[in-house]
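You will see two complexes here that share chain A, one where it goes with chain B and one where it goes with chain C.
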Partner chain A sequence: MSMPRLAGVLAFLLGVFVLVPLVIGMTGRWDFYYTLTSVALLSVAAAGVWLTFYIGRINIGQGAYALMGGYVSAVLMTQYGVSFWLTLPLAGIFCAAISVLIGLPILRLRGVYFAMVTLVLTEVARLTALALPITNGAKGITSIPLPGELSVFGMTIIPDFATLENPKLAFYLMAALLMTLTYLILWRIVNSRLGHLCRSLQQNEELSASIGVNTAMLRVLAYAISSFFGGLAGAIFVAISQSIYPSSFVVQDSVNFMLYCFLGGLGYVFGPMLGTLLLYFGWDLLSIAKEYQLLIYSGALIALMLVLPNGVLSLLDKKGGRK
Partner chain B sequence: MEQILANGLYLGAQYALIALGLTLIFSLMNVLNFAHGQMYVFGGFVTYTVVAQLGLPFIVGLFASAVVLAVMGALIEKFLFRPVIRKSKRDESTMLLAAGIAFFLDAVILLLFGEKQRGVPKVVDGVLNWDMRIIMPYDRILIAVLAIALIVGFILFMQYSRTGRAMRALAQDRVAAQLMGVDVDRYSMIGFALGAMLAGLVGGLLVTITGINLGMGGPTSVKAFLMIMIGGAGVISGAIAGGFILGMMESVGLTLLASYGDVTYLVIFVTLMIFLAIRPQGLMGKPWG
Partner chain C sequence: MNAILQVKGVTKRYGGLTANNDITFDVAPQEILSVIGPNGAGKSTLFKQIAGFVTPTTGEVIYKGTRISGLPPHKVARMGVVRTFQETTIFKSMTVRENVIVSHHLRSKASLLGFFFGSAQAKADEAEFGKSADDIIDFLGLQAIRNEMASNLPQGHLRALGMAIGLATHPEIILLDEPFAGMNHDETMRMVALVRRLRDERGLTVLLVEHDMPAVMKISDRIVCINFGEKIAEGTPAEIQANPRVIEAYLGSEDAAIGM
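Take a look at the complex of A and B:
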C-alpha cells in the first residue's frame, strides 16, 4: 500500500472513530449521532447498489432487501428469541438467498427494463409485508429489544445495549465499523479478479461471455452480495428504531440509494459513501429552511448534476490530469 | 361482468394516455422520466386553479394545463437534459437528473398549491344506468371518451404529420435521422414537450373525478413504468396496450380478489415479474430497447 493511500485510510479511521465522537461531545449536538448512524447504514446499503451498477445494472430495488432483512431480524428476535447478533448475518444470508432466486430470471433484463423491474420489486416487498400474517400487516412489529450481550467463552465482547449509558454512541460505533468493513470488502472485490470480470460485464456483456466469462453466474453473485449488504443495513435499522412497518423502506428509499451512488460517482468505490453523507446530512441541515427545504435540496441536486454529471468524485480526475 | 369491463376500459384509457407521454420521452431520448407523475399532478393543479379559482370553463383549464406543461417540458429538455446528456459518461446519469426534477416539482407544487386534496365540480351531472348492468356517471364517460379521442389524435399526429414522422425516425435511429437532415435537438425538445403535455392533460382530465393531491405523483410514475414494461418501452402501440391491460387487470382484480383483502397489486406485480422473466422486452418492445 502506497504512503498517501495509507495516510488517507488512517485519516478516515481517525475522523470516523475519534474526531466525530469528540466533536459531538464538545458541541453537545447528540442528535447528530442518529443522523450519522443513518448515514453509515444507508451507505452500507448504497454500497450494494453501487456493486450492481458496477456490473452495468441500475438497481432501484435495494429498499426491498432492506425491508426484508429488517423483517427477518425482527421476526427472529421477537418470535423465536434469537440474539440480535445472530440475526444480523442470518438477515443478510436470507436476503442473498432470495436475491439469487429473484435475480436468476430478472438479471437477464438490461438497462431501463432491469431498473423498472427492481423498482416494482420494492413495491412487491411492501405489499407482501402488508399481506403476510407473520409480518403483522400494517401494524408492523414494535417493541423489539435492544441488541443484547455478545460473549465468546464467557468473555464479553459487546455489552448489552440496554445497560449502556449511551446507546446512541454504541449504535454509531457499530454502524461506523460495519460501514468501514463493507467498504473494505467492496474495495477488495473491485481490485480482485472478480472486479475485473465485473468491469468486463459493464463494458460489453456479449464480448465477455464470448471469451468464456460465466456472465450468468457472475451477475447473480454480484446481485447476491449487493442484497446481503441491503439486508444487513435493514436489520440494524430495525434494532435502532426498535420497530418495523411495511412502509419502513419504500420506493423513495430505493430511489435514494441509487441517487447516493450517482452523486458520489459511479466510477469510484467510495462514491456511494460520500454521496450518502452529502445528500442525507445535507437534507438534515437544510431542515432550518423549513418549507423551502425540498426546493433548495432538489435545486442543489439538479445544479450538481449540471456541473458534475459524473459524480462529485470526478473532481479528482481533473486534478490529476487525464489518464 | 359488463360493469367490470366498462370500469377497465375507463381506467385503461387514462392509463394509456399517461404511458404514451412516458414512452414518447423514453423512445426519443432514452430518458426514464421519473418526474412524469409530478408533471401529471402539476397539470391537475393548473386545471384546478383555472376552473375552481378563476371560474373559467373546464375546457380552458384543460388547455391551460396542456400549454403550461408543454412549455415546462421544453424548458426542462433544453436547459437540463440536453447539457447533462452531452457531458456525462454514462446514460444513466439522466436518472439522477430526472429524480432531482421530480423532487423539485414536488417542492414547487407544495409551495404553489399546498398539500390539500383539490377537485373541481362535476363537468356534467347524471348517471348512465343501462338495465342495472352498467352504471357509470356521465362525467366518467366524458373523460374516457376525451382520453380515447386524445390517444387517437396522438396516433394520427405521429403517423401523418411532418413532426410526427421526424420523431419516429429519431426513435428508430438517432444517428441515421441526423444524417438524413432531421434537426435532432429541435425534435427532442418538441417530443419532451409533447410528453409533458400529455401528462398535464391527463392530470387536467382526472381532477374532475378523483381530484388531485401532492402525494399522487410517485405512485403514478410507478404505474406508468408498469404499463410501459407490459407493452414494451419506447413503443407507442405497446404503451396503449399496456395501459388498457393494466386498467383491465386492476378492474378485474379489485372485483375477484376483494375477498382476499388488498392483494390486487401484489398479484399484478408478481404476474408481471413472471411475464418479464419469459418475455423481457414486453409485448411489443424491441429486444434491449
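Take a look at the complex of A and C:
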C-alpha cells in the first residue's frame, strides 16, 4: 500500500472512530449520532447499488432488499427469539438468496428495462409486507428488543445495548464499522481481477462473453453482493428504530440510493459514501429554507449533475489526484 | 480432410425469415477460410452460430468431434473458438494493455474468491497475464500505444486491438468479422500480412467474413460463398472467381464488384 493511500485510510479511520465521537462529546450534539449512523447505513446500501452500476445496471430496487432484510431480522428476533447478531448475517444471506432468484431472469435485461423492473421491486416488497401474515401487515412489527449481548466462549465481545448508558454511540460505532468493512470489501473487489471483469461487463457484455467470462454468473454474483449489503443496512435500521413497517423503505429510498451513487461518482469506490453524506446532510441543512427546501435541493442536484457529470469525486481527478 | 470444425446443415429461421439454410462445410486445421456473400446473405448469422451467440434452428456445429452449437458463448470460447466483432468492439474505457489483460480471463486458474483475497495462484495468474499481454502487444506491433485509452485509438489500431483481445484467450480457431472493413489499401495489406502471421506463427485456424474481395482472394486458402442464406459455392479463390453462380450473385446485387 502506498504512503499517501495509507495516510488517507488512517485519516479516514481516525476521523470516523475518534474525531466524530470527540467532537460530538464536546459540543453535546448527541442528535448527530443518529444522523451519522443513518448516513453510514445508507452508504452501505448505496455501496451495493454502486456495485450493480459497476456491472452496467441501473439499480433502483435497493429499498426492496433493505425492507426484506429488516423484516427477516425483525421476525427472527420477535418470533423466534434469535439473537440480533445472528439475524444480521442471516438477513444479508436471505436477501442475497432472494436476489439470485430474482436476478437470474431480470439481469438479462439492460438499460432502462432493468431499471424499470427494479423500480417495481420496491413496491412489490412493500405490498408483500402488507399482505403476508408473518409481517403483521400495515401494523408492522414494533417493540423489537435492542441488540443483546454477543459473547464467544463466555467472553463478552459486545455488551447488551439495553444496559448501555449511551446506545446511540454504540449504534454509531457499529454502523461505522460496518461501513468501513463494506467499503473495504468493495475496494478489494474493484481493485482485483473481479473489478476488471465487472468493468468488462459494463463496457461490452458480448465481448466479455466471447473472451470466456461467464457473464450471467458474474452479473448475478454482483447483484447478490449488492442485495446482501442492502439487507444488512435494513436489519440495522430496524434495530435502531426498534420497529418496521411496510413503508419503512419506499420507492423514494431506492431512488435516493441511486442518487447517492450518481452524486458521489460512479467511477469511484468511495463515491456512494461521499454522496450519501452530502445529500443527507444537504437535505437536513436545507430545512431552514422551509417550503423552498425541495426546490433548492433538486435545483442543486440538477446543477451538480450538469457541472460534475462524473460525480463530486471527479474534482480530485481534475487536480491530478488519485482515484 | 481431417476437419477441426464442421458446420453441418445449419439452418436459422427468424419467424418467416430464413437467415441460413442448410449450410454445410468443413474447416481444416490451420486453414484460412473466408465466408463471402452480398450484404444480408447471412454471413454474420453463421458466425454467431459458430461462436455460440445464436443457437441454430436445426443442424449443428462440431468442433474436434464435440457439438458446440447451442452452448453459451463463454463455453465455446473456453473450448478454443473465439469471435472478434464486426464493429470495432473493445472495452472503451480501459487502456490497450488492460484490454488485453482482462481478456486472459479464460486462462485464469484461480477462483473468484482467490482473486478477492489475493491468493498466491491469483498473483501468479496476474503476473503471467501481464507478460502474455505484453507478448501479444509486441506481436501486433502495438507497443507505442500500450497505455493509451482504447477510446482514443484510430480505426486501424482498434482493429488490431480487437485481434489482440481475441488472441489473449489463446484460441485455436479465431473468427474475424470483417477485419478489413473501412481500411485503405496499405492498411489492408498490412492486415492481410498479420492474419497470415496468426496462422504461420501462432498456428491458428482463421475463419473470416469479408467484403473486400481483393484481400479475400489474396489471403484465403478456401472460400465459402453464401447468397440468400444458402451456400452457393465452395473452393479455392481461383475456383470461386470462375464460378458462374458467384458472379451472378454479385452482379445481380446492387453492391456488385467482386473486384477482379
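Note that in this section the second predicted complex is superposed on the first by the 320 of 323 C-alpha atoms of A that agree within 3 Å, B and C clash if a C-alpha of one lies under 4 Å from a C-alpha of the other, contacts with A are read in each partner's own complex, and residues count from 1 in each chain.
Simple rule for what comes next: a contact is a pair of C-beta atoms (placed from the backbone, for glycine too) under 8 Å apart; a residue touches a chain by one contact, two chains touch by 3 or more.
Every value quoted in this text rests on a predicted model; they were computed, and no experiment measured them.
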{"item": "Partner chain in contact with A:Val9 - chain B first, chain C second, else both or neither", "value": "neither"}
{"item": "First (chain B), second (chain C), both or neither touched by A:Leu266", "value": "first"}
{"item": "Chain B versus chain C, judged by how many residues of chain A each one touches", "value": "B"}
{"item": "Which of chain B and chain C A:Ser200 touches, first, second, both or neither", "value": "second"}
{"item": "Partner chain(s) touched by A:Val213 [first = chain B, second = chain C, both, neither]", "value": "second"}
{"item": "Touching partner for A:Arg110 - first (chain B), second (chain C), both, neither", "value": "first"}
{"item": "Contacts of A:Val82 with chain B and chain C, given as first, second, both or neither", "value": "neither"}
{"item": "In the complex, chain A residues that touch chain B", "value": "53, 58, 102, 105-106, 108-113, 115-117, 119-121, 123-124, 127-128, 130-131, 251-252, 255, 258-259, 262-263, 266-267, 291-292, 294-295, 297-299, 301-302, 305-306, 309-310"}
{"item": "Residues of chain A defined as touching chain C within the complex", "value": "188-189, 192-194, 196-197, 199-200, 203-204, 206-207, 209-216, 221"}
{"item": "Sites on chain B touched by chain A in the complex", "value": "26, 30, 32, 34, 80, 83-84, 87-93, 95-97, 99-101, 103-104, 106-108, 110-111, 218, 222, 225-226, 228-229, 233, 261-263, 265-266, 269-270, 272-274, 276-277, 280-282, 288-289"}
{"item": "List of chain C residues in touch with chain A within their complex", "value": "51, 53, 72-74, 77-78, 82-85, 89-94, 98, 101-103, 105-106, 108, 112, 115-116, 118, 122, 125-126, 165-166, 168-169"}
